[in-house]
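Note that chain A is present in both complexes that follow, paired respectively with chain B and with chain C.
Here is the complex of A and B:
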């Protein structure tokens, strides 16, 4: 597990140093697919890009000949047949073929694979974060947030809905975009080919902090995933360290549980993200901060500066030591 | 023709310049007597008064209007008037100090002059004050709700006799209830407390004015914090800022302690339970489960017994006060304190109806704050309604 944190931190470091590095590095690149669906998108992209490149080259060549080529060639190019053939018939055939190919490619229904039933995950778009709900074999609802964990090689069926406005779920390495529309259920099926970490992003403008509505996707081996899900389903462990215990008391006394749930405590709010295992996530604030104690303190106090307009009120009421205690408590909810 | 015009302009110009220079020389010489001991010339008085009336009439044209039929507004206005206005303007049965009476212009007897202004004009004057008269502007001009209390009081003032004024403006503090010994031990605290008692509840009487918060049973930490926030202007109020700003550290702590240890005295149930039961039911739902789809967390997550000491308890609090504060948050007027910033994010998510519902609910709940000891001779014993 530690290697994923190391990788997440490398991505943090890279994206902080050079924002475009994330594209080149492929953590959030549709050109570095890691899934059946994303590969189709990439293939379509390359077919279109290379095909249109060849056509552009040919048209440029013909244009040059028509302007300054030998008189015989120019006469030949000026014939009605060439104009009708190259200007109408060829584009109609090519574009129709491309459209048909695109339709076929994007509407392939993947047959249930040999590796069993699809894993069902529900993702709800909220302003500006992702509510992620897993179901275990017993059908129990396990709520998490802002990252998607999935087993490799198995089809994943993601049910996409929205709690407020239109969002769009986009994990470029795994599949194309699919909108999350209030009052409607969209289902995205995807299959990851390799284990690894990638990043996703809301792809439909959904208000002020839209750009800060991201998430991580972690593809794990089947046993790793099962182990993780079993732990995620459990309640939070009560802290043993005094500072974290103080944090727990503060969390309860300051009304945090009005919006957040920590299973195993009195906190049962449903407005904000479930924090039962928040310390085990790869980021804070929907991939807007790394997951460390300093980031918790910053988020609690300055969340309106980090993510303006988010629903959480700024909590300036804590002293430095209280903030440290709260951060210690939350960071250790793994 | 052209020559004649030019000459006229030149003459007029010279006259204007001469008048300007003359006026400057007159001021420079210091001959004009500005002594307050001498009355104005009749013409000066007329001119100043005319200018003042016209300025107020014009500037108050765009002032807001309000419904002033709540009798609590008059009493709230009276409480402030006694400390903030009466020292200069005097009050029924209490003429102002002889020093004040030597001011020029002399602060007018408001029982006489208030009826000469419309409510909008009174509002404008109380909010902005008047230059060169000694009339100050309102300390927190954004608190228009407080200004309307002053206007409501000024409208009622002409018909008020001394006894009625004393009852409204001084409350229990008007009664000589405090023993010599208590005054001697409490000293400046007793003096400050008598100012609190003009509006807030006392040992002997419940808080009758539903626009004024009950303080008994709040934690000392919350009361201290509130007084400090008023004193340093972070919580705007033209009524409480002047009260809190004058308190020294010891008095402030003692006052907070006094009310924190104060027994909760209940008004008769009939007064409190004025809201319809379905409204209380709706409010209870908001308080205990929130309105998740609107991002409203349950009030009781913070405003209940186990929460941090700096969060106020709302059980039994007057509904109009709670609703009034929620409206202040919705208008962005209570967001400058760290605690206020929390509610400033939440209150705008409530509809006006939900504000009323939740306020009605809290007013209907019996306070859970335990009274440390029963009051010495309570006219109304603490009621347990559970």
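Here is the complex of A and C:
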């Protein structure tokens, strides 16, 4: 597990991230696919781009000939036939072919997986974060936020809804986007090809902090995923360290539980993200900050500057030591 | 009467013309001076002002674009904060689409059409002027909100629920709706003007198949406005009603659906792209033949392409909604239609290329030609990426990313801005003493062309690397820094090009008189010598390029040897011809400068503005003043017969007053009714759409059943009586200078029954306890009455006006245009009301 943290934190570090971008394999690149669906689209892209490039070149060349080509060529080009050939016959043929290709892609139903039933995950778009709900084998609801973990090679069915305005769920390396619309339920099916970390972002403008509504996608091996899910299903471990215990008391006393749930404690708010295992996540504030103790303190005190307009008020009331205690407590909720 | 198809053997009028005739024309068409410039109505004066205003909005929205590019130049930048950025991108998009692109094209129509058709003016000069003033005032107020944090921040597409009061409290979103309201008014007014103008004020002999392509495009442009704008008018009405009164059209919890907005918005929004593009393409089709010295290859195919584009553009709005989760079958259908649109575009592109090749001499490389060639290149790229995004699976990836930002800037800047700059350089000598500088023009072109590609080409990659649109910041870990920096540099290069253009304008542009005569040696009528009265006489047209085919035309027109070389009625006038063949039918007498339409625009603007900031009483006062100004304005119209038929030359003796289906007034009313009908059809669509998303029965559980059918029957009876009353009043119109007391009584009865019919319909539902704020069903039921009620209200006002005309002796069995318009609107309203009763009372019973 530790290597994922290392990677997540490396994505934050500029120098470490540069190679990612330089090789065209950005964390959010549709051209560096890691999903069956995204891979098909990437191929489609290259086919269409090369085709378009050839057509553009041809049109430019013909225009150049029309302007300054030899008189004979110009006479040949200056006929009604060119308009019919270039403007009707050619596009009808190429577009029909392309349309057929598009239909095939749209209607491909992924073969039923050998590895059993699809994994079902529900994601709810909120202003401006992602509520992520897993079910375990027994059908128990396990709530998390702002990252998606999934097993490799199995179809994942993501049920997309919205709690407020329209959002759009988009993890480019895995698949295209699908909107989250109030009053409607959309289902996105995707299959990851390799384990690894990538990133996604809200793609439908949803007001205020739309730009800062991102998430991580972590593709794991099946055993890793099961192990992680089992742990995620459990309640929070009570802290043992005094500083963390002080943090827990502060959390309860300051009313944080009105908005946040920490299973196993009195905190049972449902407005904000579930924090039961927040310390085990890859980021804070929907991928606004890396997940470390310093970040918790910054977020609690300064979240309106880090992510303007987000619905959590800034808490300037805590002293440095109180912030440290809260951070210690939360960071250790793994 | 002679037949216009035969080219006249001798010229229609005798030259030289009698002394004093020219002076009279000059006096009649004189431009108002000083402060009275605001009263001007002549198409060249107000048209140039219109173009200037649209260009100003282009510059302003361009500055906003630069601010955004500075913000995005590097990652984690805090040059502009989140809130301001969200406002800026909303205002940039809204301004470019609504305050720049559509008005700029309409302005070109106002300036160029009468010249290309050699008409003295468009048929409704004050209407154009009114539309322009409403647009300028409304536009400036809307834009200025960005300076005091009142600007909307919901994106130019304003998707609810984000734009509902719950998520967008404050007046910001209302200012968007206000700004759009003005554009809706001026677009519809412009469309009426342009449709009637192109169909009825062409020169004798110019049958439809000889009409310049630009006029064709403007005709299609206006027709598209008639059918597309009502969708956005209805959408904005619904949104404002939901924001102000809580009728839940878009709230899922109460049976509404936010996707309804998207359907309505894009049903308008997609044709909008072609509304902008078609006229621009037609401008190119006018410039290319001139520079190639040969007629356009494939004129007829081009006309077909224009019509086909207009038609298909209504069938592909859903491609803006591919990622909303619509079924695969719809995806395939809209994907196919979206690709089809590439064919008419292909026809146009290849006909330009063929024309360039067809010239005997080489294509002249002037500044306008450079912009045309730049357009060809950029637009081809935009078209190709357009085909790419029409493939649904690819769109799932790039929708709402910078790839799409790149795509539509290639289409819109390539397809509209470049032809517009070509137009500026090409047509300036028509309205300015000097041409613009060819030397500076090269700079403008190369800076804009290079800057554009540097700014927008990399965005394709930025989007594919995962950068969504409408984000004000990004992390440097994403690897988007370099591409964004390049785009920002490109944006400033474009700005430099535009700056050189503005300098050129200051140095060279001198409006008010014509420059060198026909400097490009073009073939169409706008290059005839003109003065304030337009051309000295109105030519007889026998081909598509009259100036090429009739070498002596300019001299003969200027000598007054063609039609209407004088002012036989002593006022402003032009020839009205038949819509297809261009046969002269009558001489239209037009009104001149006035303060009335200006104040009508000012008070209309004030009314909406005050209403937006919820200052109700002064708002109502302004509404009353606006109405009063309108009365003053139209009082001078419908001048009646009373003049003998006039001789326009060539043996044509034409009446100066007509009524019924031959009159331009009847045509305008019919176009207005088409607007109302398409508004109503989009309402019917919305009603049925909400029914399809309703999971329960219709009306929904808990909502009262529709009232007993007696209510509907009573309402229907009243509507039918109103029609009968106006039909009776029509037959009872007294002869001139006599009185029939039954005429006003039947008119009042008709208007009264119409209003009562709507009132009965509302009461019936009200008494069942139906509450418009409870369910979207209820809101839709009352919305029907809102739509029919507003027309009934208009009929009532118009009836009082007609009565005033009657009692002052200005309405009788011959002078009857005013009456005809009221009656037509009454018949239409009653018909719409009857259909509404069938829908609102019948549908729940059938589907229930």
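Methods note: the second predicted complex is superposed on the first by the 317 of 334 C-alpha atoms of A that agree within 3 Å, B and C clash if a C-alpha of one lies under 4 Å from a C-alpha of the other, contacts with A are read in each partner's own complex, and residues count from 1 in each chain.
Convention: a contact is a pair of C-beta atoms (placed from the backbone, for glycine too) under 8 Å apart; a residue touches a chain by one contact, two chains touch by 3 or more.
Bear in mind that the values here come from a model prediction, so they are computed numbers and not experimental data.
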{"item": "Which of chain B and chain C A:254 touches, first, second, both or neither", "value": "first"}
{"item": "Partner chain in contact with A:133 - chain B first, chain C second, else both or neither", "value": "neither"}
{"item": "First (chain B), second (chain C), both or neither touched by A:314", "value": "first"}
{"item": "Residue contacts with chain A in the superposition, chain B compared against chain C", "value": "C"}
{"item": "Chain C-contacting residues of chain A that also contact chain B", "value": "none"}
{"item": "Residue ranges of chain C in contact with chain A within the complex", "value": "81-83, 86, 153-155, 159, 161-162, 167-168, 252-253, 257-259, 294, 297-298, 301, 305, 323-325, 328, 331-332, 335-336, 339-340, 342-343, 346-351, 353-359, 362-363, 365, 373, 376-377, 380-381, 384-385, 387-388, 391-401, 464-480, 693"}
{"item": "Complex contacts: residues of chain A adjacent to chain B", "value": "163, 250, 252-255, 257-259, 269-271, 311-317"}
{"item": "Touching residues (chain side chain A, partner chain C) in the complex", "value": "11-14, 17-18, 20-22, 24, 26-31, 37-38, 40-41, 44-45, 48-49, 52, 55-56, 59-60, 62-63, 65-69, 73-80, 82-88, 90-92, 95, 98-99, 101-103, 105-107, 127, 160, 164-166, 168, 170, 172, 175-179, 181-184, 186, 199, 201-212, 308-309"}
{"item": "Chain B residues touching chain A - in the complex, by the definition given at the top", "value": "290, 292-293, 295-298, 301-302, 306-308, 310-311, 338-339, 341-346"}
